[in-house]
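Listed next: structures, encoded as structure tokens.
The two complexes that follow have subunit A in common; it is paired with subunit B in the first and with subunit C in the second.
Now for the complex of A and B:
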């Protein structure tokens, strides 16, 4: 049976094969692409900073940061101030947070038979968009991160404004998502204890338990994350064994005949990326406890994504406190881009997981550009013998409705997948 | 009052307009006055499959993304979907620069990709019969207030004055330059802009297109707090048919004169004016704005 999955920043077709009343294999098809990588060819390298945010309306900022880092890695000895690094990290954090709110209230709620909470999605995500706009001028689609830093200068008044956006967002979390003070939530180490709290997250978690879905949506229990910054660690996690020694050279992209999406593997194995992967690699105690009890199931996946909101708000506060406003925002590169012949890579953590950009420049002109998006990792369409992460998570389920929930627990972004 | 029914149709798009729209500050009121029969993110009574297979009552058709008959949604060409709904709606709104002029995804490789009525600045014959029904709100992405208030104008049957690209003059008669906090550096031709500073104007070296780009970015601001040029990023001309031009971070010059001058300003007058402004030596604009 074929089902069109809608409202995932586009659509995907899932072809369900049942065997003895249970899902045996799911074929995933994305129906279109926009050929961004081709659009970039022949363009001036810096123009990628304007074009690439337009890969995606919901996580375009991650594409900007990935672009600027890929371009910067083409240079030797490029100088970047800590201030610029922190500002970029902050705006990316804000984008992750707005994504998580939108996913939770717009995508997840209807899957549990609840009405979409549009205002609960837009209120905090608008605050986060304002916070990005303080630095970048606007959200979505700013290109404020340029090779050598950021275009903006920040004043004490900007910092005060930012702190208000962050504390207002934290307050929203305390009043709605998990009704307790942020500190209690952030230091909670017992996933089951969360079930006793009031709030929209505990409601959903209780619903999962009530519907007997606690162990549903398990996949390979294999996680990976390449985007490293002052909060996220790079590494992979097999069950609970974490190692940080991984290299991008083992990441492989391959075509599939039936879909416009390309598969992504690490050392020929499929890995899950995203908030659950990041929490496992960062050894987040609450998520580790959920994982110990319920594995890599929808329970852990949903909890990890929502928990990341509070973690990133908290970490962003620290980043702001440590900003040294006397540092320069921008240091002009000593070499003109038109003289550059080089190849550059970057990996950043976008809302849905690791995003990789690779650029090849010849005399400042883009010769080749490759983008690997988070959803490609999670939604790789494997064969029955070697299934992708989300495919495997749907095997054994009784019905298509639950399968859609499991599928969407990966926070699918169709436009990114088929950039 | 009856809710106005809106179909939000995405063609070759990044959904940037969808998410820009979600930044509209008075969403609660909007949702009381309008109902989406389909929206890419907001839940609707109908599925995309319903939209393409049936004919659902609708007042306004919103199109996001560049258009090609080759591009399908739920297995149906977007051109077919547009043909069907354009007949029954009162008004069509092309949302964003892709749907208006082709924009970034004009180059996406689908056959004859363009905006609804324009391929960049060239007027198209297809859909010419719909021109009287169409309002364009260009921008990459569209500003949420520009979109929403245009929808309210339609709801209230207000006749908006439109420019040659069918854009409401109330928003697009301005240039992005209007209201920029860096205006004085432009006016007095202080041309030593460096990125990362509060001071300076990006027009002279860093490709800012604000003086010849139509839009209200610096009048109504983005996310109610800022604009790209205020932050220190050049205007990329994203509301115009030419978007995206090339080499966006540098100003194209002929004999040291910017190739594109402010709207309506001739080269000779510009040179005369530049000569005069150079005579100013305004200390306040030569040093740091917030100095010791």
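Now for the complex of A and C:
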């Protein structure tokens, strides 16, 4: 039995149990919490727009968007302009993109014995952060999305800046990540063909192959994604069978005695969330090919996360092209929040997967607030008989080092998890 | 020359520093900067901007440049407490040319949990090693509020299962200077908002050493880097206001240098988000801007390399660098003007001048602002 403290964004403790030289069971424990849900109780509903991004500095923007959508779902007939919708989607895309860069160069690189590439991580993430700041004023921790729309009144000048940030980021991808033009990468449907390219991503993929890790890190092959927008689809995927008819009603949170985190399940089963899940549900051909060849292994998981960078850049370009600046940024809700008694839900796709917010309002005051974060899905700590997604992915591995790689392929974040 | 004595003082401080051994003989900051493709000219440009931010005259630019180059003489220890990692994120995103990030990420960082590659026992060992080796010399930066007293178990860190409170206390003991980065370690932060379920508190409440607060949620990268450079240059703690914030950064209200200040003076207010005033960049006071009560340099430094800041984007300041703004400055989209604003200082609070609490100033300003907003258009009544 080996104990190890894992350094992630925040901390988790992994307790490895070995049986005949192989990992038999891993206990996951979170040792800190801030109890934000309790702080929200009794506060004015709109204050959640300021408090919730602070749940996590890594994916705070997803929390803002989840909050504003949860509050908006409390209203009947709330109107939202397409412009506001697209802008929110854009900033969320940018957050996902910058996150994936940082994960790849700061977290993943050292796991393959490479030096952390701090500048490669910060250069594109700075560009994306600036793109968020154009709309939101700052990143991290903007509160520019409000019930009824967004506060920013952007101009054509801002659009030019955004296009510049996006094209610079695309160029960075072409010069570093996968050394080919974005179009070739985006239309590539053969996961093995990627191994012949130059660049940091093919390097890592080749390394996985060389180290014989191709099939490592497989879990239940069950995916779920609730966040829905003009790019992501809501649905679940069992192996490759996708269905879009799922409901938040079946999502359950349960306490764990030994940890500050809570488990999350859908119809009493654990599901994987995140870029791989999204790609499977979206039927991304490249990822589907990787999945066909290597299953839900670290190969597919890593590829899916990095591939999402290019996909989202591409989609963001389209969103910007279609923005109509003449539309209103904000449409006043027909009812004042102080008159509202209601319950609202939201689900958005954050960098690490589905983020769910649930709010209960009484006369404009928060009566109850519940947050389910992506890492809770992936790191649910099940029992030995019924293990969580990341737990299952580590079972059967020979050593702690590989287990660490598998664990971190989920891009875990404990700051969020215990909130 | 009035500045001569200061110039000489800083020069001799830097000379002293340059005699100290480097953290790593193989790297030097100037070489690194050059390697990363920055010209000397760009570096000096950056140093000039830093000098002006630290309120030093332009002829101090070479000193600031030298201070940056000497950053590898002072090891930096960065601890995470109960927080969201937003402050590190802010730092990781400091300006390109990434001279600031070079300084932080390549040289000075002995222990930074988020970006360091080592994990578990190794990381803890690194920390202990750094603290022992550089006893009395290292700069301590702490991010996050600290669950405290009987609630300290809400934050347990590291392989030995120490509480955050213990770690923070120990690291503070032998630090040359201690900086609380962000509103959480400065004042307790979001987790300390009512009812403060984890009994989180400020760093200054768990150690008896002097703590410099660099609040903001998050503070801008330039305030974090500036704080470090200031210490390298002066070797002493900066002039502070009543909340232990460096005056060079927190000496003025957001309102004082706000780009929409002219609109305020002209009585032009955004009455509701999305209205014509919002499109024309009117003052955001009536939709909840707390700029008149908040001391920080956002309106000058902005965020993300000067890209923007909340007021530019059309959202009022929420007062994030003031103590307990979560509880005291809500409701987010409503002005404070007609409500009593209480702070830790017997209700006097930060609406005084930065370093002196004056009840007269508070009352006059608060009434002044409220009255000013009232005589312009009346806010549309709510249904």
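One rule holds in what follows: the second predicted complex is superposed on the first by the 412 of 419 C-alpha atoms of A that agree within 3 Å, B and C clash if a C-alpha of one lies under 4 Å from a C-alpha of the other, contacts with A are read in each partner's own complex, and residues count from 1 in each chain.
Just so we're on the same page, contacts are C-beta pairs under 8 Å (C-beta built on N, C-alpha and C of every residue); 3 or more make two chains touch, one makes a residue touch a chain.
Quick caveat, the model's predicted, so the values are computed rather than measured.
Considered on the superposed subunit A, subunit B and subunit C are sterically incompatible, since they clash. Contacts of A:302 after superposition: neither subunit B nor subunit C is touched.
When the shared chain is aligned, subunit C comes close enough to touch A:404, but subunit B does not.
By the document's definition of touching, of the two partners only subunit C reaches A:336; subunit B does not. Applying the stated contact rule after C-alpha superposition, one finds that A:96 touches neither subunit B nor subunit C.
Residues common to the contacts of subunit A with subunit B and with subunit C across the two structures: 4, 6-7, 9-11, 31-36, 38-39, 43-44, 46-47, 49-51, 54-58, 60, 102, 106, 110, 116, 118-119, 121-122, 125-126, 129-130, 132-144, 146, 148-149, 151-153, 328-330, 332, 415. Residues 10, 12-20, 22-25, 27-28, 31, 40-43, 47-49, 71-75, 104-105, 107-109, 140-141, 194-198, 217, 222-233, 236, 238, 244, 246-249, 290 of subunit B touch subunit A in their complex. Only residues 3-7, 9-11, 31-36, 38-39, 42-44, 46-47, 49-51, 54-58, 60, 102, 106, 110, 116, 118-119, 121-123, 125-126, 129-130, 132-144, 146, 148-149, 151-153, 260, 328-332, 334-336, 338, 404, 415 of subunit A touch subunit C when the two sit together in their complex.
Residues of subunit A that touch subunit B in their complex: 4, 6-7, 9-11, 31-36, 38-39, 43-44, 46-47, 49-51, 53-58, 60, 84, 102, 106, 110, 115-116, 118-119, 121-122, 125-126, 129-130, 132-144, 146, 148-153, 155, 161, 328-330, 332, 415. Considering their complex, residues 36, 80, 82-90, 92-93, 95-96, 98, 101-102, 105-106, 113-121, 123-124, 145, 147, 154-159, 161, 164, 189-191, 193-198, 200, 217-218, 272-274, 278-279, 302-305, 307-315, 318, 320, 326, 330-333, 382-383 of subunit C touch subunit A.
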